[in-house]
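Encoded as structure tokens, the structure appears first; notes follow it.
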């Protein structure tokens, strides 16, 4: 496996040139554009990695998987899916238009910004601090680390530039689909986006979902098999923003990307995969990550369809 | 004239039954639904009135005419119309969708919510207090009163329920079309909406615009003839929300309505008209106001088209 | 007047360089881009002209004024305005989106393509030939000519390239807002767009509307004063496509433009104006026409607002 | 298996009461609303069925799978996916708005109406008759029947009422995304929608896709393994109209529904499933079909995610 991963990295090393590091959050713009790394946690043989496996980056939208898993566990499917839908959509991840156009103005799925903000608001902790503690604890349990820390510089940068997310949140509140203190919820949202990880962490996170909710490193049952499966399904249909349909055809694995450059993928019953590569394509997905996952999926016949 | 106005009020007294008092701002919901009043300031013969001329109500969107006149005077047409458009539009007054759909995400005109918020942000006063003082001073000068006061109960009610306007403001900020402190600008916006007047005040305001900017009560030149004409034109094409086109055909006078139930109209060179009637139609215009203006326009042949 | 018009043409001769001749209908693309002409029919002093007053061009959307006047006369306001709205809108003239987005999927006004197609379908003649004869007869009566002929080359070109109009028509039919044979109605539409005129013809057409429906050349009452006024009003709010709001501010006269390069304007009680200049701005309005009307409106204080 | 299917039918027999037979095509409205049938072709044990397995119905949108498989085989992935996208979308299957809103005005995927029309237009046969013969031949090869016949009554009914599809087609042509004779292409589209089948036929069709393109009844390799997998993937993300995301979560199998009441599903490497039940939910999917597939998926653990 290690050899295969090294070939994959080798072959995809240059793909970052076709993308651009996210710049709308100033702190993200400082990332090393050519970092390229991959890690696999095979459920039968454990961890392998290649390339920039030490490179750290923030989870960004990958964290939506964490808060979704937490909300499904804490509140149940019924509550979560009466507040957000399960529908993939062909609009950018931060579109307000879509929300206004479609009654009942409910976010289409939990992996777009508006949906993730609503998911956070459902969590049963009243205090912002407790809510955030629960999310980062879940992140730790899914990645098998003692703790996952917030990158303070990114968090502050995010907080200072997220006017669109504020607009989404106020719109949701205006139509009665978001309860609680807006700045409080957004604060938790910015913090969860700023959780810092490596591609190895994302591989374990993916493996936890692939193993029906049991973390293969710690042996802990983190979420129920049903929650794991629902999360994998939503990742498969909605995980790559409006590039989810094409990703299903070209790669064919449940996965979630983030504008920090990471992607976490879960091959049911087989393995978790984490990739990093901060240069993004037009839709916000890591160019190197897409290239490596495509290659790996072909080599190991990982497609689920 | 007085006799004519009394007939007009008599004939339109019952029209309020076809409308509903605005409820989205709790304090507005308390208004007397059947209040019906009209006042005319004829440039050659002065003031006449009939019906509930003592009824007080908040200006709401009629105040957008005041801040537009102020901004045009202080900043010039070029600055104002590079920040907001001059286009009537067939969307509700608080639509975000429209803003997102059309590059460059500039409010279509200064009389919809997003446009009025941008107009306020252009005013040259840094301090919120000074900005608001300038707006209420302009309101006083246009209505010929010493001062126009904020209805504190409505202001607080408005401030507590204007999540949609917050969404609009944050969206505008996110696309670079709104500068300054959001809550500060919105505070001024809520205050200007809460300025309290009678239909007589709106008649004088209309007459000031009809008289090319000179207040006929005080004799003060409040704005330049050019500013008065631009404001009248924008009122004619955009003043009645998405009912502006129909109003042009059925009434045919530059006018601006507010959800407080008031309408101010300006017949160029002839008169200003103010009406009140808190019951609104589906588009947010005073039902009694529309009926009275239609009647008066027919009787006095006021149409400009 | 003639002297003034010559100065106006002189000053605007070069403005065509800022526009482009319409190319989506191949035959229109052949027009002389720099043709620039203006004619005025003053209700008190008759015809004056300057520049390329011999230049012929097809009416295109100016013909929508003719069919609207005919439909209002033949079917009455109630029938016409239950089939189409009176609302200006900020969308391009051929947008389907707008129609689909807004229930009841009724064209927003009679001067956009979908609206004009519906207006034609309302006419009481069953046979396509008779319907078209009635429209060209009305064009003749409004312009004071014996007959207005179809430019066959433009008509065929139009017919061969109007797929978007076919899409609009079928959409309208699918939602129950268009009755009759689609190709038949569209044929009449393409023919009316291809009626050939000079700017002098448009000046008389405008003067007929300005004179409350009586053609000042022939003395014939072509339409009722009420129909004339309704048509003028709709021209004022919707006549210049999505540039109508700006035109009201900068020029301030009821007018209708066409992509053939013509504009017809009606100053109530004073005069009709016709201009030509095939180079169009981004919104589809004649660049030279806009420049000349702006100039003339300033010189003669023609603004109605 | 037969016993299981009988239990499934039994349990879902009443679910049709929650839906409505499609009425927009008059001939479809005549279908027996309570027909409920299911068939499974297990790749290891062959055919079983229960309920109304003799009930015949038209393929409607299920036929889009047939023409997609044909186009991918004849024209290649590159050509097909440069003409249509691969993106699921949250809009109804016949939305024009979506097409107009998103440049480059390309249908979002091959399983919505606009996409299926474009797919048909790509087929290499010039003559309408030949094109249609190729489609019905492919339907026969996928279902293992000698021939699949067009239901003439439905075809004519469809042809007479498909104004929206005509609008879609003309719009696509107007933006340069559809070549060829519109009525000709639409005729083939209406015919393919009217191909008549039973749930057993759909089970074999699904099994052919599940078996990587080899028909398990005839042993013929109908399409390549790659085409079969691409088709299965597109079915998984886009097959159930705007209910695809929810179907993935609740059922989790690649499937395609039609408003005739049929659903064809393909469980990779395991089985094909066909269901019938003409009563549809709000999104156009068979209510009984959804209920039976959900049940079967749970019982046999068919989920791919």
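Which chain is which? They are A, B, C and D, in the order written, and residues in each are numbered from 1.
Assume a residue touches a chain if its C-beta (ideal position, glycine included) is under 8 Å from a C-beta of that chain, and two chains touch if they have at least 3 such contacts.
No experiment lies behind these values; they were computed from the predicted model shown.
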If you check the contacts of chain B and chain C, which chains show up for both?
none
With centres defined as the mean of Cα atoms, the chain at greatest distance from chain C is chain A
Could you grab the centroid distance between chain C and chain D? Build each centroid from C-alpha atoms only and quote it in angstrom.
47
Per the centroid of Cα atoms for each chain, what is the distance between chain B and chain D, given in Å?
55
Roughly how many whole angstrom separate the Cα centroids of chain A and chain D?
32
For chain C, residues that touch 2 or more chains besides their own:
101
On the basis of the stated criterion, which chains touch which? Give every pair.
A-B, A-D, B-C, C-D
For chain B, which residues are in contact with chain C within the complex?
85-91, 98, 102, 108-109, 229-230, 232-234, 236-238, 242-246, 248-249, 252, 254, 268, 303-305
For the complex, give me every residue of chain C touching chain D.
95-97, 100-101, 163-164, 166-171, 173-174
